[in-house]
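Per-chain numbering from 1; labels A, B, C and D assigned in written order.
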Amino acid sequence: MPGLEDLYREIILDHYRNPRNRGELETPPAHRVEGFNPLCGDEIVVYVDLDDAGVVTDIRIGGQGCSISQSSASMMSAAVKGKTTEEVAELTRAFKAMMSIHESSLEGSEAEAAEQEALANVKLGDLEALRGVVKFPVRIKCATLAWNTLAQGIEESNA
Amino acid sequence: MAVAPPSDPLSGTSLKADFPLLSRTVHGKRIVYLDSAATSQKPDQVLAAMDLYYRNFNANVHRGVYAIAEEATNAIEAAREGVRRFINARSTAEIIFTKNATESLNLVIQSWGRANLSDGDVVVLTHMEHHANIVPWHMLAAEKNLELRWIPLTDDGQLDLTDLDSILVGAKALGATAMSNVLGAFNPVRELTDAARAAGAISIIDGCQSVPHSTTDVQAMGADFLAFSGHKMLGPTGIGVLWGREELLDAMPPFLGGGEMIRDVRLDGFTCNELPWKFEAGTPAIAEIIGLGAAVEYLEALGMDNVRAHERALTEYTLSSFSERFGDDISIHGPADSSLRGGVFSFSFKDLHPHDLSQVLDQHAVCVRAGHHCAKPLMKLLGVGATARASVYIYNDTSDIDSLGDALEQAGAFFAF
Amino acid sequence: MAVAPPSDPLSGTSLKADFPLLSRTVHGKRIVYLDSAATSQKPDQVLAAMDLYYRNFNANVHRGVYAIAEEATNAIEAAREGVRRFINARSTAEIIFTKNATESLNLVIQSWGRANLSDGDVVVLTHMEHHANIVPWHMLAAEKNLELRWIPLTDDGQLDLTDLDSILVGAKALGATAMSNVLGAFNPVRELTDAARAAGAISIIDGCQSVPHSTTDVQAMGADFLAFSGHKMLGPTGIGVLWGREELLDAMPPFLGGGEMIRDVRLDGFTCNELPWKFEAGTPAIAEIIGLGAAVEYLEALGMDNVRAHERALTEYTLSSFSERFGDDISIHGPADSSLRGGVFSFSFKDLHPHDLSQVLDQHAVCVRAGHHCAKPLMKLLGVGATARASVYIYNDTSDIDSLGDALEQAGAFFAF
Amino acid sequence: MPGLEDLYREIILDHYRNPRNRGELETPPAHRVEGFNPLCGDEIVVYVDLDDAGVVTDIRIGGQGCSISQSSASMMSAAVKGKTTEEVAELTRAFKAMMSIHESSLEGSEAEAAEQEALANVKLGDLEALRGVVKFPVRIKCATLAWNTLAQGIEESNA
């Protein structure tokens, strides 16, 4: 049985207590996007600033939520700053791959397996601390909320 | 892929042991249950799955962090995946749980219909529809001033598709049952949906009688919506399914509003949750969804091709043994060819009124239904007020048909004095 | 008639034996179930009633002549009479079975609302409503261009009725919960319905939280409609009730169309069945109705005044022991006076997010809910995104409250490192 | 356990096979009214002719149904012809009293008891044969269909 220590690593609680990049950015030039977790009421607001080359020049996080959603957002903000949107997309895929439960590998095609391997090489750094969330499936949506919201924000500001 | 089925791959006799009700006696005789088109009996496996839920992980779903709430949530989402697999839907986003097939049909007709139909639009139905696929259309027709057109029937109780294309001209929607609950006829669903699509109409298929009794593949079917009920396919009461194509469901307005179906609610408005939850307002029928999941597993283990082969064999036996035993005293509605029909037999026997007939059969512990079977327009077309109807399922066997025959003889004798 | 109730007429401890789930262990500890406001546990008596149906007289209702169909029909109509008695309705014609309270509310709002409201009409709701009594109004408001007005709250989480009459000016309908599922507050329903009637508005009361926990008398209540769910009052999932005044129900158009709700169906139209069946389309939730009937009998045997007295005693215990144990570390929303509230405690504890809190509590087998409790407008008013909520029922006792307190201490310690 | 003989008395089957007053009347002067049993599909059509004194001068029955509904209609037609509407109303009450299952006499008030006794004196004649229907509760609606339909017809033609 997974214990609380698997979920609440020290680094998570640190990001929760001392969130990085908390705040707002002026819109425009920044883009603002909101995300909801309809199950628990968590809300996240992401402000993201992209330059013409598609580099995340700045990012800020608002909203409220549990330690998992907030620390995930905080770590994300630190991890994506200065990255190109392609790099962000790859990081997002790698993070979500870590967060997904593979109940049956029968369904995965070979192409998917190759993709998995490629993503395994992406460096997640601090984000690795969230790996234990997989053992608490209801909390996975907490961990991915910020990432989905950012992805939506990037998509919208490219449109 | 499938080889020609053997004459009867299932033994109804041995399956009976799984169904506790079938060992009950009525009026001192062992029950002969021949009303599965109305509702099926439930195997121990389904009852056990629901009992396990109530005794071990009864909790509200989707919103709890604690262990049993998570177990309950996982169980209903696993059942959704089971239903998806059973009908070969593309995604669980397309599997919406309702309270019964009637609600499923009302959901489509009211939500899709209010958003997409307007003054003078045409909807095509068949003359063998169940009230559940007629009355909601009448309600919408009154609101929107729609024109309803009806696909007629042939003399032996099949759809008469001679003029299908012209009937469909200008139609926006086609509603058709995959199998009649009165005539037993299996309809050529793919032909209907192809013709509807060619005419620019969506098709809404009533699968209440077909899904429990034959293999269902919604992708091969070519339909846009399919409705069916759990209680006719070994599952509990209080649960139905609506399958719909994701693009259509996505574009439709919500049907019932409340918890579960929202993403956000404010004083000045709300936004909807994603599919399938957008259409599942309020606390779901948790135990019933779990029971339906167990029913689907039970049917999958038997194999739906085997179910169909068993019932086809039983249909052939019924048609031939009754014609032998009763000759012109019995007349069975619907197609005579067992490849075109399922095991639902609406019949008239001598000059006995169905109500009187089923009363006598009950004294012999034989359960058949008497009435209009929620298909009054069809009854009128057949020129009767009611019929007696016997219908079979996996647990029935030739001895049940023989018991019905014996009871019919007794009824004939009783009213002949 | 009723004498002042003793401090606690029920012993939660001895009732626990009737509830199989409560002897389950989670993470190696005996479960402490404190989420009955979301859904209650079910006693053996309710599970046995449903099992008996499925094993002994499972058949479709209202249309069968044979013995088990008649037994099934009698059982659900007996349950309807039981529900009528339980809420003191004038007639069983006023008891409509739905799938949950959410459907009950949508039925009234859509059927009555579409027929009676038009452009610019005013509907008054309270700021503590559940989404089930908000979202359907938003849907209708968008369709009909209605104005929604909101009764505000006092600082201690009661309705602020200071300006009630002016808020109601010109209103056609009032929707109000009898007891908040977040604040625990019992609202002064009679005062609300009197004011609504005086203003010419009908009143639609959400009884989800009040009906399971206190005596209900719809005639004394002065309301026009009352909605509640079976699963929160010891009954199964998949069943809800709408009570309505017969004159209003009679005048309303049907909601879902299909079998059971018709008198006649023709190609060119239909006529409705009488009440209550007019609003019960399709095969009813037969087993679930029977289960609800058994739940009502169980509660009647306890006595609803005793249920209320038990929960009031437990409420007092909770409020005083938590204030003693945790002082300012805990803050409980809603009225502090136990005569004004039921056993639903939404609280914040230290600076812990409810989601994290309930995760830790789960490790101690304590089940509480964390989230917005389907009351997002209220959450916003309270200035929180979510709360943790513990809620009690007849089977809880002071030892459960103590276990919650112990687990809270552990949670505080865990997050303090 | 009640047997079939309790339900299907010979006189019932006789009325079923040889229904009295079967047919139609010209409307007006007659009044036509339809009744449905939504459960089983039985339909009854009653044509009733009332003179100025409120006497049923003629009555005809159409429609279709089971032996119980048809024989009840047939017996009713014979019983009411020549009676005043008051007499018909009293007969209807007496018939329905016979058809109702008194599961609990606790609820009946004293006034009701007196009414019961008065009705007990009404002569039902052939209609007595339908008494056995009470033992088959689902069939009660079959037996009362014609009576409810006639009552509605008389009400409508008085209106």
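To be clear about the criterion, a residue touches a chain if its C-beta (ideal position, glycine included) is under 8 Å from a C-beta of that chain, and two chains touch if they have at least 3 such contacts.
Keep in mind that this is a model prediction, so the values were computed, not measured.
Between chain A and chain D, the least number of touching-chain steps is 2. Averaging C-alpha coordinates per chain places the centre of chain A 45 Å away from that of chain B.
Chain centres here are Cα averages; for chain A and chain C they lie 38 Å apart. Of all residues in chain D, those that touch two or more other chains are 39-40, 139. Contact of a single residue of chain B with at least two other chains is seen at positions 27, 63-65, 69, 262, 264, 355, 359, 370-371, 376. Here the touching chains pair up as A-B, A-C, B-C, B-D, C-D. Within the complex, the chain B residues that touch chain A are 62-65, 69-70, 73-74, 262-264, 273.
Touching chain A in their complex are the following residues of chain C: 27, 353-356, 359-360, 363, 370-372, 376, 379, 385-386, 414-415. If you check the complex, the residues on chain C that touch chain B are 20-21, 24, 26-27, 31, 35, 38-39, 41-42, 47, 51, 54-60, 63-69, 99-103, 105-106, 130-132, 134-139, 142, 148, 150, 229, 231, 236-240, 253-254, 256-262, 264-267, 269-270, 281-288, 355, 358-359, 361-362, 365-371, 374, 376-377, 380. Only residues 36, 38-40, 137-139 of chain D touch chain C when the two sit together in their complex.
Contact residues on chain D toward chain B in their complex (touch as defined above): 1, 3-4, 7-8, 13, 39-43, 64-68, 70, 136, 139, 142.
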